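Chain IDs A, B, C, D, E, F, G and H follow the sequence of writing; residue 1 opens each chain.
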Amino acid sequence: MSGRAEEPIADLGFARVDLDRESRTGDPEVVFADGKTPEQVVEILARLHDAHPSRAVMATRVSAEAAAAVAAALPQAVLDQEARAVTLGPLPAPRGRVCVVAAGTSDLPVAAEAALTCRVHGAEVETVTDVGVAGIHRLMAVRDRLDAADCLVVVAGMEGALPSVVGGLVGVPMIGVPTSVGYGASFGGLAALLAMLNSCAPGVSVVNIDNGYGAGVAAARIARRAR
Amino acid sequence: MSGRAEEPIADLGFARVDLDRESRTGDPEVVFADGKTPEQVVEILARLHDAHPSRAVMATRVSAEAAAAVAAALPQAVLDQEARAVTLGPLPAPRGRVCVVAAGTSDLPVAAEAALTCRVHGAEVETVTDVGVAGIHRLMAVRDRLDAADCLVVVAGMEGALPSVVGGLVGVPMIGVPTSVGYGASFGGLAALLAMLNSCAPGVSVVNIDNGYGAGVAAARIARRAR
Amino acid sequence: MSGRAEEPIADLGFARVDLDRESRTGDPEVVFADGKTPEQVVEILARLHDAHPSRAVMATRVSAEAAAAVAAALPQAVLDQEARAVTLGPLPAPRGRVCVVAAGTSDLPVAAEAALTCRVHGAEVETVTDVGVAGIHRLMAVRDRLDAADCLVVVAGMEGALPSVVGGLVGVPMIGVPTSVGYGASFGGLAALLAMLNSCAPGVSVVNIDNGYGAGVAAARIARRAR
Amino acid sequence: MSGRAEEPIADLGFARVDLDRESRTGDPEVVFADGKTPEQVVEILARLHDAHPSRAVMATRVSAEAAAAVAAALPQAVLDQEARAVTLGPLPAPRGRVCVVAAGTSDLPVAAEAALTCRVHGAEVETVTDVGVAGIHRLMAVRDRLDAADCLVVVAGMEGALPSVVGGLVGVPMIGVPTSVGYGASFGGLAALLAMLNSCAPGVSVVNIDNGYGAGVAAARIARRAR
Amino acid sequence: MSGRAEEPIADLGFARVDLDRESRTGDPEVVFADGKTPEQVVEILARLHDAHPSRAVMATRVSAEAAAAVAAALPQAVLDQEARAVTLGPLPAPRGRVCVVAAGTSDLPVAAEAALTCRVHGAEVETVTDVGVAGIHRLMAVRDRLDAADCLVVVAGMEGALPSVVGGLVGVPMIGVPTSVGYGASFGGLAALLAMLNSCAPGVSVVNIDNGYGAGVAAARIARRAR
Amino acid sequence: MSGRAEEPIADLGFARVDLDRESRTGDPEVVFADGKTPEQVVEILARLHDAHPSRAVMATRVSAEAAAAVAAALPQAVLDQEARAVTLGPLPAPRGRVCVVAAGTSDLPVAAEAALTCRVHGAEVETVTDVGVAGIHRLMAVRDRLDAADCLVVVAGMEGALPSVVGGLVGVPMIGVPTSVGYGASFGGLAALLAMLNSCAPGVSVVNIDNGYGAGVAAARIARRAR
Amino acid sequence: MSGRAEEPIADLGFARVDLDRESRTGDPEVVFADGKTPEQVVEILARLHDAHPSRAVMATRVSAEAAAAVAAALPQAVLDQEARAVTLGPLPAPRGRVCVVAAGTSDLPVAAEAALTCRVHGAEVETVTDVGVAGIHRLMAVRDRLDAADCLVVVAGMEGALPSVVGGLVGVPMIGVPTSVGYGASFGGLAALLAMLNSCAPGVSVVNIDNGYGAGVAAARIARRAR
Amino acid sequence: MSGRAEEPIADLGFARVDLDRESRTGDPEVVFADGKTPEQVVEILARLHDAHPSRAVMATRVSAEAAAAVAAALPQAVLDQEARAVTLGPLPAPRGRVCVVAAGTSDLPVAAEAALTCRVHGAEVETVTDVGVAGIHRLMAVRDRLDAADCLVVVAGMEGALPSVVGGLVGVPMIGVPTSVGYGASFGGLAALLAMLNSCAPGVSVVNIDNGYGAGVAAARIARRAR
């Protein structure tokens, strides 16, 4: 457990690791590996693990090169290839359940990042795949599973319509994740993002394009507080 | 009926009315009243009616001021207030049937423009209102009516998800019309437009934001050729 | 209470009121008054109240004209002028507590819509005003109140930085609401929207620009499930 | 033929193949290969072929790697290199005729995708190439072929003007396909897309940039219903 | 005639009138009245006329209020209502001929500004109206007039296709002027602007949306130098 | 003078006035009047004046209605009509000199806001008007005045080129202010903003479109520290 | 020389070469090589040369691969590496003179394409390099050369200010070419494009980003008509 | 030292090196290496060093290839790998102190470019790293260092909130540098850019995305003039 008084910040020169974050927010800092060198990723991850030895810490958007460096330096680290993420340390005991729903097969990497993040942040996860709105009966068939969750993460690219339909079926708190799946006038996920922001179904909130991580944190926090 | 040889163009000074269009495309020219003076609208409409006395001609996007000028000068003209359009002359006998589907109550003016345009262009029309995706059972309840049409016009604002869901239910040719209903990140209908362009349901084609007229012409041409 | 079997849809011609929504999602349909005539607003609100007599129903984005029509036809309706919203029927007993945080005085109307929506959807609400990041001590002074909530709604225009700072202070579930407060390169709230979507603080999810209503629904659903 | 009752969905874990789609819409599901692994493409294609043995199924946006995997696993599959698409099973007997019109040589791959899709969806196809508006006599020379079709697919990049000119010449139902051919302020096909959406010729509807597939489905559905 | 040595700048406090411009560029400064008070417009116009008494000076984008102030203070000034412009002083003897071509009736105000500007800058002008690409025969009928000009100004809104078609018919120097005529995805003239910038016809150059003035200056300079 | 210990925040209910700001940053808080009621503007301004009686406080973007309310309630307040700003209390003794340079007459209101802000924030100001790049000799004529300043504020709309030219002439610290002067593809000042951000002259930094206030604060802080 | 009657179009299957263009516009068709296979480029170029043996034909945007194919198949073709263009056949005797002005060294490839295009289209060319506005004296030093030309092509990236300054110095017809030189908020040349479209100097017209070819055709047509 | 009279411009054919810039602005020209060949970078750098032998000259955005060419031709040149910049000649004696503040580890390359540029332009520099707003205590811990500087350069990607928070803590002149760190709706740094332009903290001015160089020049000029 991190101690606020002793060492709120670990200064590595290139980074000031926020060791105090768990005591403020309930969750340790997570390493956003994109734009960092493999060496920096290893060093920050190791320092976070030292401060939180009994609870998993995590790095996201880990390149193949960084994953190799982590594997070499921290052999106990676990790589989730589909999620492009690494964890280090034991997962917390889960409270509450998140259901991650992916509109299509191509959305699976983002869904995997969300699911792993939920687990690292203390929630149980179930994943439902390929229930896009062009075959609405696929969604109807899983409606009970949606209704039973404490929070939903709904992942969709292209026109991003899935959260609107789900939001009309159940009243479970929901986070929409637009993905960059698509081409042309999808403009890298902008179409799905705008669609989710303009959802006519109430209660849909949204995170950045392809941001499974952010959705996972939000959902886990909601789920683990649920009765 | 207009004669190609005699007078393909009526030069009014401020406009060259295309009297030949019906012989080329099957439909007379239509007056886009926006940006024209009331006098110009009246004069073009009258000239089109002279050339096509036995078939309705039409003006769209007619302001209150222009509607008054038309009423005064051409008392036999008929104003459709919800559609903001004027017709002059008898509607053609309908061939084929178009079903105009509106996602919400606020989309009704655009749906009305589409419906009237279909009638002027020779198709029968049925309108289905307020079947947005947040209450999908409303759509399921009218599925047979959708399936029975020769062409669908699906009108929706906000996230514009309705064409995707309809496109997964029936295989009828379909034109999506995004509307400017919404606010903030709807960006005047851009969100709905992008959503429809990126529909994961096959066979959705799209017209300009709020362009009920364009959808009506396209749908009528499809419907009246249908077996 | 609405009965799913008896009358899932009330067809008013211009609208198909979704009387079944409460049984699916836990909350009755809400009237988005923008783009509807005053008469349509009155009629839908009345029909919803008939179906849900013991629980408040609500209309948002109510113009002065529509508010007057509601006051005349439904004298027991209550207008919240700052929120530009009308409620009809008794508020439900609150479960859980939402804290609505507004960055500046100009963001108050959006915060008011969020707060009222929370109450209509069954959560207790506290509002904290004018704690923008340019005077961070103002935020620090209310940190305990933020930490004590079951869900936060953080409302900010201009650069939309407040959710990032709040998200680094507490781990409470949070919905960010960008507002159109600003000018020039705020592009009607786009700057704040993008900032919140790109927040470096984990767990921030976002609704449409000026969408206090959507944030209120999402927050109430989270809060009322909380232990 | 797929049976709705027996097996509406084939759950492959990473995908829920919609075997029911043909019975709902008249056409089997198509594999959008982009973002799927070669193995996933092979497996879904094979499963679709099993369900629809007597009618061609199709995968679009097939990478060279996926094409090789398909060729190895499903030797009876046919690759259309220009269209970057694969078909499996016999083409249906054609009803109705689509004319695919390409503005320039660089638009040919998109035109090829549209043409193959039409054939897979049951329409006869004729292709007319390189009739851009900078040499309008080239278009005039093929006008009769345009007029004789049951539906047109008009493919153009750069300024995307071709549908407007064609739409003034003939009244055949038409789908415009903007392409990403161009540079600079073409913004990846946005210029052509906006031009087609704003066409002053009536009856032009539009699909996503480079979406020959979507145009092909829409056109085939229109053509095969035509008298 | 202005003298460079004597008084290159007339300092009015709120403006430094560039009296030297004619000696550098061949044409006097022109008053852009938008954003200036009526008094400022009058004063600058008067000062320019003093410096160039034998050659017309001009103000563009003149509001009704400013036009009235000019009429009161400078009774010899001439208002061109359609062009929303004022001239003061005798037009120069024309050299060369510009043909201003407008796609539609709604484009006439911009065409009028271009035509008047040409005259003020010393070229003869002919205007051709309503020859949009949806009725290409209207354009073919005036082809000889286009070919005979020394420079073309081609004005079009909506999809802005006219310059591409004209550019394939004649090799005369051409300036395209996109207009804000349109709605929805025309985005205030952006669609027409992008179309003209991406023209597949060679030799099309473009000015700002609705900038008849800029096109007029450019065209007059080209025409009056022509053999 | 405000005392940090005593009362860092004045809670007015609708606002938490930051009385501590001067002690942190050297300058009192300023009222952004846009989006606030006239009563709120009066009350905040009065409260700021109470806390800073010996130094001017300021409100910007003051509507005519708010200006009238201020004049009625705080008769000693001074309105700068061109700058649309109000000050209350004595201006500080100036240190350092800012030169505000406006490209055109239409840019004067933004320049006036910048100039007044400089004075309120303790710097001397000189304004140079209408030295746009289309008459570069006008700029050359004032070069010595530019060179003599401690900081420049360069205000320009349309293509926003002036900071680049000034930045090549002198090495004085410079703040560019893009304005919304222009039309069409100026997109409300976006063109000028992008131009200034991409200046090829070194050392140009930029504030929001029409943000004379922000430029004034920045420039005053630079100038009053200068030797 | 091409004969309109004999063979207006050469149908190569993948292309309809417009052999009639010279007789309509004065210049043969040019091959836009981007998006075409090397074989297609060779074949079209050869066919154009056959039709216009006594006058150079040209291909632009020629990749290294296509250049090699051309060199192998058409050894008499000449490659201009900086312009990425190929010519085949003798240059026409020049009439009139174009001055191509490049703001910076990085703009040289676009300037080279413009210069070669001018020569192929029958004008003499002079190039002036690296006279960007950050060192305005460099421009002043070449002012006489600018003034002596029949047409200017002004090439600039980043903030694209050069045409505005040049347009205030001389009254020669001018085509601005924005380039994609820059980064960040240059958005691939959008900043320079918008700046040139909003130039406060009169008479600037603009072509697409990096479109040296289009500017060259326009300038040559203007210059060769000049007295 | 460069002499204005003798050789204001060094004409290298592909470049006109501005040797006069130091005498006008106090700083020599800097080579923007992007888009220039390695040979051009070497030649311009050498020529600048010849003209300014006693003061460092600099090239920015130096590719690995150009860096190698510089090392080979100018062995006394110094490469700063993190900043991707090269200097040649002795750094000037520093006057004033700039504090460069980076929000995250991934922002370090831009911060390094800013820091080196400050040194080349005559200011002392201190760098503070990884004090993003998600852990505000990290920023509070360095507040005194911020307050002690003569100018701040604040570098941040993602939501770009750091300048707003810093601007509320200290009144030191500040330049914000948005970076392209982020993904999805960061749109290459646009989110951070808009956030900084809309900062609610007074006195924040901004440079282009990733433009550490521009910020460095601006900051050094401010700092070295400070008392």
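As a working rule, a contact is a pair of C-beta atoms (placed from the backbone, for glycine too) under 8 Å apart; a residue touches a chain by one contact, two chains touch by 3 or more.
Just so we're clear, the structure is a prediction, and the values are computed from it rather than from any experiment.
Subunit D maps onto subunit G through a rotation of 90 degrees [Cα fit, steps of 5, range 0 to 180]. Matching B-E against the pairs in A-H, A-C or A-B identifies A-H as its interface repeat (over half of contact pairs the same by residue number). Contact tally for E-G versus G-H: the pair with more C-beta pairs in contact is E-G.
Separation between the centroids of subunit A and subunit E, computed from CA atoms only, is 57 Å. Chain centres here are Cα averages; for subunit B and subunit D they lie 26 Å apart. Counting partner chains per residue, subunit A has residues 21, 104, 134-135, 167-169, 184-186, 190, 193, 197-199, 202, 208 touching two or more of them. If you check each pair of chains against the touch rule, the ones that pass are A-B, A-C, A-D, A-H, B-C, B-D, B-E, C-F, C-H, D-E, D-G, E-F, E-G, F-G, F-H, G-H. Interface residues of subunit D facing subunit G in the complex, by the touch rule stated above, are 104-106, 108, 129-131, 134-135, 137-138, 141, 181, 183-186. Taken in their complex, subunit D has these residues touching subunit E: 103-104, 132-136, 158-161, 164-165, 167-169, 182, 184-187, 190-192, 194-202. Those residues of subunit A that touch subunit C in the complex are listed here as 21, 24-27, 30, 150, 167-175, 193, 197-199, 202-208, 213-215, 217-218, 221-222, 225-227. Across the interface of their complex, subunit B is touched by residues 8-9, 13-16, 18, 20-21, 29, 32, 34-36, 40, 44, 61, 178, 180, 188-190, 193, 208-211 of subunit C.
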